[in-house]
């Protein structure tokens, strides 16, 4: 857009993808309206974010984007702090990978070592730890597990960071509307967004509505490969234990543990494909999460069960999320499909999308494609 | 439809409008799928239903429909009981209208008397009550209020009745799918409903999705005059008080009180137009509901605050709800816009719509129009 | 006491033991004050009561008392109904015992058959059921389990029955004080109970405070053998399933399932000795309850987890609860140590204690002893 | 005690009084057991602490103790931070006193000015603020209110600070037992504390159990003048508003507002004398808190109601709390009666009591008396 100051942009969705995009747009001077349906099941609200891409099992392009997101974190956090927002839900206490199988640790060490070295100071150091040291770091751990400790790993509470980014966007002048989008149409050179209470005419739209993007783009007869995947995460508490210095725990498996301050430890998560938006806590889900947790960390057996959070993650059909301009449609951007990686990748890619919308260079987006399929209507309605 | 047994019908929405329609379709032998997005803010789930149309301030066609709904209640309840569903959340303990102004009571008595008489046994009797008698009936009441007691008034817990009707539909063979509709299109002579996990091909669709009908019909480029209106309802408890025989209380105003069993009393409700789907409990809403409650019924001052339920009611633009076949579109029915009257009208009109869908006579629908506006697309997307 | 109408009696504790005693005292004309500390962890409030003593593993005197309690239930329920209290949380839908081991079923059948026959109509009939029939009765059950069905088994929601009995006591004139007892002393021929806000002088005291009786009697330098035992019970929901006709389920083990109306099923419970009054939901407790539930009834895997209730049961050191007059101390009665059997035994024994306090015959109490140990003070304070 | 390292001390109660005493004992090398009944209604857990004694209406000795507590805060916080406990729930964002009456502001300014000056840097500066400036500081404020801003005012979340102090005590070797005290007796030269699960023999006991001290000391036939007072506090949320820099708000009245991070604002509180331990949220309490809040700060009208916390404060009969050695009884200390001032005074006086127990100088305690009345037993039990 030629005149950034006068361009008006709507961002639909207030999970991590939406709030970071709105934040970066607003701090660059754009007039932004963030439309948030206030709905249930937001993945960000349920997430116990691990900011340690180097220990993930991801490969290739996803890893590149993931690692770039991790590198960007210190800068993003300082942007928020500079606005006088002191509580960001973030702490850097390391990431601990454990296994009962030394050969597995060897193999992973080989894979991880270069990553940590390449990432530089943000990743800190990689240390091989024996069982005793592992239990010093994470005292609830079962004996007999050794592994790897990456000192630069961080963790973040998705709700807190989301609200901080939202506050930051508002501090830069963004408008926040809590309402549901019930129409999305071309209007002259721009777009008209209809909500239940008003129409909003803008120059550009960023659809960042998690797994609901399929629904929103469906209104434009566009299909995108993003599906909902339910995650159930249980929050436990060890009263009187200072869990702040505990690292995140990764037993080389899907599940993980994220210690927060004040004795709180999030354990999870289920990865329930085909769940739709059915954001329930289920007997089987709760059982599976608790069984894994108590097996790896018997010290959690007597922890208090505080709550279970449920998030509906947007899973991309392909390896990579769909981030960038929607091809063939003017003024429409998509940020979707982060899966479980949104808290790590969101802040950087939100900045890249903001730049792209405003006509600035956004080389980070080159790696992503936004595959959409145009479908014809099923006849006259 | 020619062959009821083979016709397949989707009902979208599992509030009172949807579950009763599905129930009546299923008990008449249709193959029914009830699609329920499991979402938040369902008006039925929050409602403290008063089944006493005769004391309402409604007039004209709305009153006729409202009263017909009340007349039908005993039959509907016995249909569910006959299926072995014993708990329906319903109790018939009368409706008490009170005012500090005797002239107001006179005026209302004149209006009500004929209604109660015309309704017959279902409405019971109308009695003028003085302040002392009013406080015998509803002991928490302020002194100095006299009024009218209609003995046939009932109350129902929306959640319980909804779940009972859902169980009834399932007992008759209906299928219940918890998923979000992300596409609604013509498919041959019928319809294809796409959810996040599957496609569903049916002969007919009944859209009964509360205030979300604007969103669903918008996909078909149809506009309907239904808007969301937030209602906040506070549940109080008087421990050790047998509130089962207490009547519902109507201070000739928007707010009301609905006693349930076991000391629980629902007081409400706000009527917040322009709320969108923002299903929050707000300071102003909570304040207004509690202020009204404690003023009329000081005996509630020391009651325990148990919870606040929030429902997003579907308000029709006109006086009447939109119930019936969508004109100009084959195989599409709408049940929407009940406002605060869904628990009273839903069971009867759900039956009428079921008959209409199945090609049987449904004279109750003659009073209703389903006004839809066809809009042209805002250009190429 | 010579003059029932003028005797004043305090009942301390408002779990099932206290409210039923207060109810029976009040309906016999005594002036009763029920003092309730409103505390946490009440076993009654957490209980998912099974009223089917015939299927229990109890023996001897405990079984006699248990069975007598079951026989009395219909009468107790009708006393409450007669007061216009219609909702008692009770339903009689049978008890189903299951096992994978036919020999175990044989053995149990032998033990149970006589009990059911002796109990008469209240217990209904005993039927041997094969796996198919068992799954008809309790559709969520695993295949391959056969067992025994006792048609007269009932279930009751402890909270609802407790509140109904409390309402009944109040209807008969009892006073309900929510306050903590901070002193219990002889005063003339009677007792003085001090709470934080008032002193209460009465002729007799019934201490019915669950596991807290050790604390209260300790003030009188009396020791009783009652200890707290934590029970964690998870409430699940199968939406759209009419669970009202489902029987309670007993897999010949400590744990059990109690279906309520509206799709709700309570599964439990842990039996955690040494828990003190630490009424937390723990990871290990939740895990153990869910593991047992899903193993026996895989149809619950996708059920929604609604909540976990925690109760602190009062376990007697001996086989029998401590019910009756405290020997050697005038005007003091104890009702304690019901363990998991309070909902079954409480109503009958509450009546017996009420009679005993009022000087009437209470032959049911002959089987019980109230063993207290007088201890000397540990020196000058 | 002669040998600090070998002395064993029990602290009963884990509110702010107990955890700070245990913390200071443990960091001085004593063997400490903190016995915590895990009960409901703890005042600390509900408190939205304002650490700004200079703006309080207190006078005389209470003010001296209150101000000394405020002075000590920075040191206390750094003791915890030095242990690696980074999250203390504390922020120093100033205290804002407002009134519609300029004369009232004048009068208060006169009283406050010297206090702020005397307190030095910890209190920061005192500024007169007009209505516009007041609303800059606290944007939700009504227009037309001017007042005084004390820049050094702080606020603290009672739960977070309590858990941090508990973690600190444990880090220094304290033992934490969650169980109820059911006996407190002399045992040789020391004390025997009986809980439901164990006996604990110690050299000294500090009773710091809030309003429950009357109950505990009653076992020793000691009466103390401390009573429960209920406080209901409502937590609101302004989404997207960075409330971290907002000051606490004091409308020269009992009620107040305490902003936390992330848009959360606590408003309160009721001061309900005669409440006993009845920790309920009541209609009248909720109404009164919300009415005051919305009147002074209309910007909160649309805030979300998150929760209501209820605390039972220990109110001393006299002006001052009861802190120090119980006269006439060896080895027994009392910390009770802080009322609404415990978060401010607790950390310093906990340190003073710890020193006193360990035989070190504790001049801060000179101002306090621990008045106990010995009562004779009411006859043979």
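For clarity, chains are labelled A, B, C and D in written order, and residue numbers in each chain start from 1.
The rule is short, and it goes like this: a contact is a pair of C-beta atoms (placed from the backbone, for glycine too) under 8 Å apart; a residue touches a chain by one contact, two chains touch by 3 or more.
What you see is a predicted model, and the numbers here were worked out from it, not measured in a lab.
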### Same-interface partner of B-D, chosen from the options B-C, A-D or A-C, over half of the pairs matching
A-C
### Task
Could you let me know which interface, A-B or A-C, is made of more C-beta pairs in contact?
A-B
### Task
Starting from the Cα centroid of chain B, hunt down the chain whose centroid lies farthest away.
D
### Message
With centres defined as the mean C-alpha position, give me the chain A-chain B separation in Å.
### Response
39
### Task
Would you mind pulling out the distance in Å between where the CA atoms of chain A average out and where those of chain C do?
48
### Task
Among the residues of chain C, pick out those that touch two or more other chains and give their numbers.
178, 280
## Note on the structure
Within the complex, chain B is touched by chain A residues 37-40, 178-180, 182-183, 185-187, 192, 194-197, 211, 214-215, 218-222, 227-228, 274, 276-280, 329, 377-381
#### Entry: chain D - residues contacting chain A, complex
83-87, 91, 160, 163-164, 166-171, 176, 178, 239-242, 244-245, 261-263
### Task
Quick one: which bits of chain D touch chain B in the complex? Just the residue numbers, please.
234, 236, 280-284, 286-287, 290-291, 293-294, 300-305, 308
